[in-house]
Structures are given as C-alpha cells and as structure tokens.
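Shown next, in structure tokens, is the structure this report addresses.
Labels A, B, C and D are assigned to the chains in the order they are written; within every chain, residues are numbered from 1.
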Amino acid sequence: MIIVPVDEKEKDDLIERLNYEGRSYRTVNIYDKTVVFLDGKGMSTEHHIKHLYSREFRDRTVVNVAGVRIGESLTIAAGPCAVENEEQVMETASLVKRYGADMLRGGAYKPRTSPYSFQGLGKDGIRILERAKDEFNIPIVTEIMNPEYYEIMENVDMLQVGSRNAQNFDLLRFLGKKDKPVLLKNGMGNTIGEWLDASEYILNGGNGNIVMCYRGVRGIEESTRFTMNIGTVIAAKRKTHLPVCVDPSHASGKREYVESMALAAVAAGSDMIEVEVHNDPECALSDSEQQLYPDDFRKLAKKLRKLKTFIDGMDEKTNIQYQ
Amino acid sequence: MIIVPVDEKEKDDLIERLNYEGRSYRTVNIYDKTVVFLDGKGMSTEHHIKHLYSREFRDRTVVNVAGVRIGESLTIAAGPCAVENEEQVMETASLVKRYGADMLRGGAYKPRTSPYSFQGLGKDGIRILERAKDEFNIPIVTEIMNPEYYEIMENVDMLQVGSRNAQNFDLLRFLGKKDKPVLLKNGMGNTIGEWLDASEYILNGGNGNIVMCYRGVRGIEESTRFTMNIGTVIAAKRKTHLPVCVDPSHASGKREYVESMALAAVAAGSDMIEVEVHNDPECALSDSEQQLYPDDFRKLAKKLRKLKTFIDGMDEKTNIQYQ
Amino acid sequence: MIIVPVDEKEKDDLIERLNYEGRSYRTVNIYDKTVVFLDGKGMSTEHHIKHLYSREFRDRTVVNVAGVRIGESLTIAAGPCAVENEEQVMETASLVKRYGADMLRGGAYKPRTSPYSFQGLGKDGIRILERAKDEFNIPIVTEIMNPEYYEIMENVDMLQVGSRNAQNFDLLRFLGKKDKPVLLKNGMGNTIGEWLDASEYILNGGNGNIVMCYRGVRGIEESTRFTMNIGTVIAAKRKTHLPVCVDPSHASGKREYVESMALAAVAAGSDMIEVEVHNDPECALSDSEQQLYPDDFRKLAKKLRKLKTFIDGMDEKTNIQYQ
Amino acid sequence: MIIVPVDEKEKDDLIERLNYEGRSYRTVNIYDKTVVFLDGKGMSTEHHIKHLYSREFRDRTVVNVAGVRIGESLTIAAGPCAVENEEQVMETASLVKRYGADMLRGGAYKPRTSPYSFQGLGKDGIRILERAKDEFNIPIVTEIMNPEYYEIMENVDMLQVGSRNAQNFDLLRFLGKKDKPVLLKNGMGNTIGEWLDASEYILNGGNGNIVMCYRGVRGIEESTRFTMNIGTVIAAKRKTHLPVCVDPSHASGKREYVESMALAAVAAGSDMIEVEVHNDPECALSDSEQQLYPDDFRKLAKKLRKLKTFIDGMDEKTNIQYQ
C-alpha cells in the first residue's frame, strides 16, 4: 500500500499511528514529497495510490540532466551506437553538438546478441565520452549493464538501461538508490504495463529522475527491425508523469526511415528523441544501417525542433491532450 | 513478367514480336500507360518491373474520388463506424462536413467478429449514405464485402476493402475490373509485402484508383486495440506510388488516443486519415469506445490540416523524404 | 439470445409464448436439436447459451465426411498443396491412400499472396480431384474461396475455408445454409475467440459439420513460417465440441519439421492432421519446401496412428483432460 | 573465428603457428575438446565452425546434474513457483519426489514484474531448498538473477537463468566461467537465434553444461499466458546439441492446459519438462493459476514417462528425426 500524505502534519500523524499500531512501513522522499510504503492492507486513508509512476501521483515530471531539462521542450540525444575510438566520437560529438543535439549518446559496454560481435571499449569508451563531454560541453548518456560499472560511470550524466536489461530488477533497484538520471528502455517483448512497472523499481527506491524510452517491440512486420507501436507512446504519455523518449533508430533499423519516425514520435507527444548518428556510418562496427549521416541529423534536428514548437502551439491542444 | 514499354512504338514492336513468337501475353491500360503481362520468362528488355504498385513503375499517384484528390493535400474521411439510422447519419454528416471532412464514411454491411453483433442495415444503409451525400455534397466511402453488393453501391464514391477481406482475392480481382476508387486496408495479420501484393490484384486488372489504408496489426500490446506500427506507414510511402491512409480509430481502439495517433500518421507522411465520428458515441451500436465526439473531430481536423501544411513546408524535407 | 429447449414440449411451449408475445425469433435445426434465436433479451429460461460452438451446448461432435468419422479416431488428410496436373494428383493420391490417408487434399483454386504466383487449375483441378476420388475411393477436401464455386464442387466431400477467408462472413453464412462438411482454418492474425466466432456463422445457419483447423498464426519467430501456438489447439479442444485439426505444413513451412509438429499436435489432443504431400516436392509449383515426400508421409502416418492409440489409451487420461 | 582442432597434434601445430605469426587467440577446454578462438579472419583451416551450440560442433550433449543425466531419458523438474516457507517446500518436495520428479525447482529470488509482488525469501529460500535436497535426496534448481548470489547458491545443483535475464550478458559470461549446470530460458521477446546466441556466451567461457528451456514468447493469443511455438522447440532440437527443456506452466498460464502442453512438448522431442507444482495452489503467493495440484503431477509424470518411452521406441523414428 502506497500512501502520499498531503502535508508534513498528515505524514507525522500517519507515522505516529503506524508506530503506535506496530505496523511495518518504510518511507521514501521523492520529488519533495514523503511517501509511505505500508506492508499489508487495511489502512483507511484517502491518499493512497497504486504506482509512483502514475499520473495520479503527480502531473508531470521534468528530469534535469546537467542542465538539460527533459520534459519541458524537446530534448535530442545523438551520437554513435558504439564508442569505437576517440576520433570517431570527437568528430561525431562536434557535429551533433553543432547541429543542435542536447546530449551525446554512445555505448561503451555493448549488450550484443552474439558474443562474437564487437562488445564495446568498456572503461576506455567511458573515458572517451568524458573527453567529448568536456570538449564540447555536452552531457553524456551511456548504457549500464551492471551495478559494477557504476563507479566507472561517475561522470556520466545519464545512465541508459537497455532493452535486454529492462527487467533486470537488481540493476533497477540499484539505480533506485542513486539519484543519477536513468533512461529506461522497454524490453523488446514487454507490454506497457511491464515497462511502467520497471520504472517503479527505480522510483520506490527514491530516484525520480527517470525518462521512459520506447524503442519498439518485436512484431510481425518484416520491413522494419522492430515494431514501433506509436499507440504505446501515446498511452505512456497518459499513464505516467515521467517524460517519454522515442528511439527511432532501433525501431526502424533503417536510416532512411528514421526522420519520419522521429517526426511521428514528436507529433505523438514524445518529449525526447534518442537517435544514432555516426561520422562514417558505412564503417560503423555495429548497426551500420540505422545510424544517420551527420548531415541527415542536421536536417532532422532542425525539423524536430520546429515541429515540437508547432505541435505545442496548436490551438486547443492542451484541452484535448490530457482531458 | 511485367513490361512497361516507354512509348507507343516500343509497345507495338513488342507486341508484334510476341505475336510472331507465338507467346502468351495480356495487355492492360493503366494510368495512361499500356502494360504487358507476359507468361514465362526470357524476354530481354530493360523495361520490365516486378510490381505495378512499386515506385519503380511511377513516382506518385493521385486518386480522384468525386473531385477529392487523394495524394495531393491531406484528405480526411470521417463518419460513424456503422450506419444505424437516418438521423444519426444526417446529423453526423452535417457536423463532419461543417468541420472539414472531405469524405463521409459509414458501414452498411458490417463484417462483425460475432454473428450476434449488429450486422449493419445493408441496402437501407447505402440509401441513407446516398441521401447524406446529396444533402451535404460530400463523397461517400463504405465497405464492400462481396462483389454481389457492387450494384447496390453504384452511387458510392469509394469502396473500402476491410481488414477481414484484405486477402479475399476474388473480391480484389473483381474490383480490378472496375474503375471505382478502392480504399484497401491491410489484414490484421499481414506483413507489408502481403498488403502491397493485395493491391497488385486490383492494379493488374487495370484499376489504378487505390488508396492503401493501414489500420494496424495484431501485436503484443495490451493498451491499444491493435498495434500501429508507424514504420509500416513509412515503409509503404517509400515502396508504393499509391496514396497511404491511416485509420487511427481501429488501431487505437480508444477515442482519447485518436488525435495523437492521427497527428503521428500525418507527420510520418500519411496522405489521408479515416476516422470514426459519431453524433452520440455512447449510444453507438458498434465500437462505441473509439468513435470521436463531433467536437473532438472539429479540433482534430483543424490540427491535422495545419500539421500537414507545416510538414509539407519544412525546409529540405523533400530532399530527404524520397531520396 | 440463444435458447436450447430440452425437449419437444418445451420448444413448443416456448414458441407459443413467443408468438403470443409477438416477439421476433428464428429457429434452426442442428444436431437433432431445435435452437431458438431470439431478438433482444429478457426471456427468463434456464436453457440459454452463448454459442453453438461451445461445450456448454454439447460435449463432442463427430463430423462424417463420406464415411470418415472425424472426431472419433485420428483422421489424416494428405495431398499436394495445389493440383498441378492429373499425373501428379493420381500418383500422390495412390501413394497417400496406400500409406493410410483417410482423405485426399488438394487446392484447385489457390489464394496466393501474389497474383503472379500459380493460381491453381480451377474447375479442371476439381475434375482431377474427382477422378482421384473415384479411382482410389478416397474422400476429397479442397478450398472454396467464393460461393460461386459451390456448384462446381458438388462432388467434393469437404470444403476448406482458408486462412485468408477465415473471416469472410458472407462465405461462412453461405456454407451455414448447406450441409456439406467444412474445414475451417483460423486467420493468420486471429485470436481463438475470432476463430471460434467464425464457426458460429456456419453453425447458426444450421450446418454443424465443421472441423476447426489450426494452421498457426503470425508471430515473432524466424525459424518457422508461422507460429504454431500449441496452447491454442489445447484451448480449442476445451472450448468447442467440434473436432480440431492441425496443419503442420503451413505452420512450420519446412518439411523436416512436419513430423515432430504433427506428433505434438496429436499428443495435444488434435483429432485430425492435414498435411501436404507431393509426389515430387522439389518440382512443386507452390510451397515446395514444406510438402512431404511420399515416403516421409508413409512413416508419419504410421507414427501418428500409433501415437493416437497410445495417447487415447493412457490411464486416467480422460479424468484429467476435460475436468 | 572458432577453430576445433581434430586432435592434440593439430591443436599444437595450430597454436605454434598462431604464436609464430603473433596472432591474438584464446583457447577454451570444453567437452574434452580444445577450441581456439581467433581474433580477425584469414586462417585457412577446415575445422572452423560458427557456434559452439551448433550441431556442427557435436551431435548431442548430456548434462549431468548431480547424477541426473539430462538429454538421455526424460528429465522432470517439478516444484513450486516460489519458495514460500519450509512446510510448503518440504511437503511439495516429498510429493513430487514420490511421484517421480528427478529434480526439485523453486524460486528464492523472484524476478517479479511489480516491486510490490512477493519477491521471494532470498537466502532463507535457498536454505529451505537445501534442506529439501538433503531430506529427499533430490537435486535442486533455482533462479540466479545476479552473480552476487552465486556463493549463496553453492549447494544448488543447477542454476536457472530466467526469461528477464535471458540476455543479461554479464550474468551469462559469469556462468560461463563456472561449471555448474545452467537452465537457460528464452527471453519472452526473443527469436530462436537470440536464444541460442545467449547460450554461446556461456559455452565460450568453457561451461558446456547448459540445458535450453523454452517457456514461450509473447504472441497474439489471448487464451494462453504466452505463446508456445512448438516449432521453436523442434527447430532448437535440430540446431543445437544441447538438451531442450519446455516449461508448460508459464507458457500456458493455466493448470488445466499444462498436461496437454507437456505431452506435446515430449512428442516434439523435448528432453526435459520443468513444471510448477504446489502443495496448495490456491494459496500460492505467485502464479497460483498455473501451478499443478500434486495429484495432477502424479498423473502427468506417469504419462510423460510412458510417452517418452513410446516416442523413442517408434520404428524408424531416428532415421527421420535428424536426417
């Protein structure tokens, strides 16, 4: 049972009562509120809710990543699928920054289907990302596969939980005890309920800095790598106060589909786009068919910003959107 | 083998040669071209293609439905799921016309999963649609389940082939011999290849007046009725010259998701939106949860038009879109 | 509302009352019962049910196809995907009959994804099947795509409704008015509910001679052509009194998987197996990779019969199976 | 590049040559063979293969779990979804052992979709399983979510990697360095290729004691919890030398479907069945609808053994099975 006392006094009264009754409970401070988790049932109070991710808990969350405020205006994270070497990252970072990216993405620890595919540079990759961060003054986001890597990633601004770890609950619990922002992807076989429940593992540890990133699911279509159910993005916006990001690169698997898919995601209400860009896609060590050329990204970023402004500005929009 | 001679002379030469060689062939006139279908293989000519739906055949098709030019600017078809009675249709038609719909949709013959659900008014439903057409000067689109109904539907402007008949090849062949425009939905378990191949059954009969309507597929998501793989819409735009329509009503199954899904579809490049609107959705005899209130449609139509203009106007767009 | 009076007297009383009250109703005779379909609701009687396919209507149905009693012991239908010529059919029929097939299958009208694939021999194909029927004294089953073909198929013993017409309700209604046995496949994107509801269109017309044939659905697996959810077969056995058939040829798409899949289907409770066998699979005009060699079929048929006997004979089976 | 030298001499020659050429390589001993993993390409040798899981590497593997030889005759693991308390485990263990289970399963660390569901007893649960193991002389299998738990699980005989960690590559790599047997489930959104590749992470670390456990995937069916594509089981048997297990409990989600699904799995060639049994299913803290009553298990185990013997004994079977 989750209870959200309306003010300090109600919280104190509740806790006094729980102590008096000898009930087992736990409190967590999140978003300047104190939330009480109560074992068992039977507490009559109007202020209980089912999930911390839910819009019955709060209306809208803005996640601050080193000054980038995700959930306000459109956030764009761009960069290579994998960190391959310093030159590649520096050149790509320089370009995406110039063309308007808010954040630099890049994988140092890569969860690859086959053990014989390029597995990432690991620690060295993190160091390269840090150099790009310093050089171009751009926050970085990279994937964490395991709590062990957390220390190495101290200077990383946002940690991505990938599709294959989307229900790695020990990892999620670990991140819940930190306050570093998390970009939480959906598992490729998960429903929206499972994806949202994954965020609850982080939230109920006290970390509210979560952005939900939809990267499509397995489906029956052969022309795209995964199935981008745009309805899931729309449903997520209605079900959770957390910002919603879309990854059009993995969902489409083809660079020529990325622009249209990103535009659709923004039109559907997405707060953030994470897109793969490589300074030389043809030579990429992974996912070479889906990474954009820098010049494609230049055009894309411009369009996405214009579209976001346009969508937000349309008359009556807000009246309908979250009725 | 499909051969598209570049001019009249080449066509005549080819046919002369085929006759001389005693080969079996068939010609069809479509889009002011003559196409030669040749049994067997072995004809060496540069002008053969694989599919008439393909963009290797032609770049872009505009389908003219009683003056509504689908594939130019955005087309919006709106109206009830099912024709229930004259008052309902007249009132709905009056409102959607006033709010900007280009076409009126409504089902008279309804393919319902269960035989005990409302099956539509049949011929009487067609008559009601015709009255609305005359009264409000708006073209009508309705579903044909069977060639037998064709005569009854003489005054219908566009015939819809529904998801359940998406691979009813006898129906498709029949429509191929007519010139009435067809709105061809995808089967709920079909890949894009199967959907496009379905159009080929109509095209190779000589009817090029086809609009491809994506209504989502079966998927793993529980929060939407079907799975709207926006990637399929994007792929369809690249693979075929035929206009592409999206049906956000069936794909979402929830009226509160319809607006965002329709906006996403337009952002992704959709040429047409077909949306269910009912003058009194709560009392609808079918799909009551997904039909829009007229006032929702008023806002939606305005936004869709604005968005389409905006998307089409964005700098450099065309350079990338169909590279 | 569907009412199943327990005896003649109850039926007469009910109808008298309905006539007296001026209510609209319809009666159908099926399986030696009279069923009353009542418009609207409000009739208080204990003997109403939801669906005629349901096991609340009857326990188990045996469908008699020219003496072959489907639903008693295991029925095996075998034969080529498509009728290609007389020699092919005669040779295949001769072999499958010798090796134990109860019925001969073969497609004369072929619903093919592409209009440029072999479309079947049509009427000539039916005539060839009839000759094989006479020559080898074996009932024949072939696909009907359209009521128009019904007359041509007068001598066909069982009509198959294929996956692409699984929700072609006009065709289903038409077959409901005949008494010819129907082999009803599931649509490739259909749930079990949709599949069972399709049978209701035939049943409520008065034709109870239906065998439900599961041929798999679209899924995420790449190693098989379709996804054979064996759980659907199991669920079907519990939900309907109609016999259940499995088609391992289309579900697997690979002849080397057919035997194991057929064995699994029988172990799961399937009453019938429909399998593609070709006298020369490598040269088949369609689905050449999934058609069995005659000698494979010889072994398969033997094993299936043995397994069925074994499964039916296992102790306690019946206690658990339909608890 | 993976090279499997045919004998000691060839291995020595190869390594000498690699050293001489200064090439980077790694050797692993597995199944009494030495395998050489070579960076880069270009080594001309006939003895290279693509995957260690493949049947081109070896024909068939038997995994020995404390004397239980998985891959020879049928292995049955049974027990509760979750360890709830000592009495429950002892009573269930006593019964499943008596009724013929080879192994006891039970979850101590439970990966639950929601953080508010029962998460398992953790270390205490492991201790309870160990007591049951000692008391009833039955090997135990339990899920490991994280390398950290490995020490606690020292006395566990087989470690299960669950669906949610099926692509947790750090966990797989960790298990590759141990020799404890692993029961590797498929991810609920994974293709067979991804599932097999997951085993390669363990195999190429040197641990060949792996049993592949198929628990179904997400699909379109509503009547079962997951989709048991029996074709995937069949394909797995042909693609890998590792034993294949099926979990009918999670795939069906309904105890009344478990028996038929397990029979189908054995008929399809499954080497092992892992099934959930609870001494009091109605009161289970998780998955109460799919856990069998002990008496159901008694009948099931008997039937499965009989069926396995029958299937293995059928004439000519082997000739066809792995042609």
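Some points to look at:
In the analysis below, contacts are C-beta pairs under 8 Å (C-beta built on N, C-alpha and C of every residue); 3 or more make two chains touch, one makes a residue touch a chain.
Nothing here was measured: the structure is a model prediction, and the numbers come from that model.
The minimum number of touch steps separating chain A from chain C is 1.
Two chain pairs, B-D and A-D, are weighed by contacting C-beta pairs, with A-D ahead.
On a Cα centroid basis, the chain most remote from chain A in this structure is C. Equivalent interface to A-B within the set B-C, A-C or C-D: C-D (over half of contact pairs identical by residue number). Between the Cα centres of chain A and chain D there is a gap of 33 Å. Between chain B and chain D, the centres computed from C-alpha atoms are 48 Å apart.
One inter-chain figure worth recording: chain C and chain D are separated by 36 Å, centre to centre, where each centre is the mean of the chain's CA atoms.
Touching of two or more other chains is recorded for residues 189, 191, 193, 217-220 of chain C.
The residues of chain A lying in touch with chain D in their complex are 111-116, 145-146, 148, 164-165, 167-170, 173, 187-191, 193-194, 197, 200-201, 204, 217-218.
Chain contact summary for the complex, chain D toward chain C: residues 189, 191-193, 216-224, 227-235, 237-239, 251-252, 256-257, 259-261, 263-269, 296, 299, 302-303, 306-307, 310-311, 314-317, 319-321, 323. Interface residues of chain C, counted against chain A in their complex, comprise 189, 218-220.
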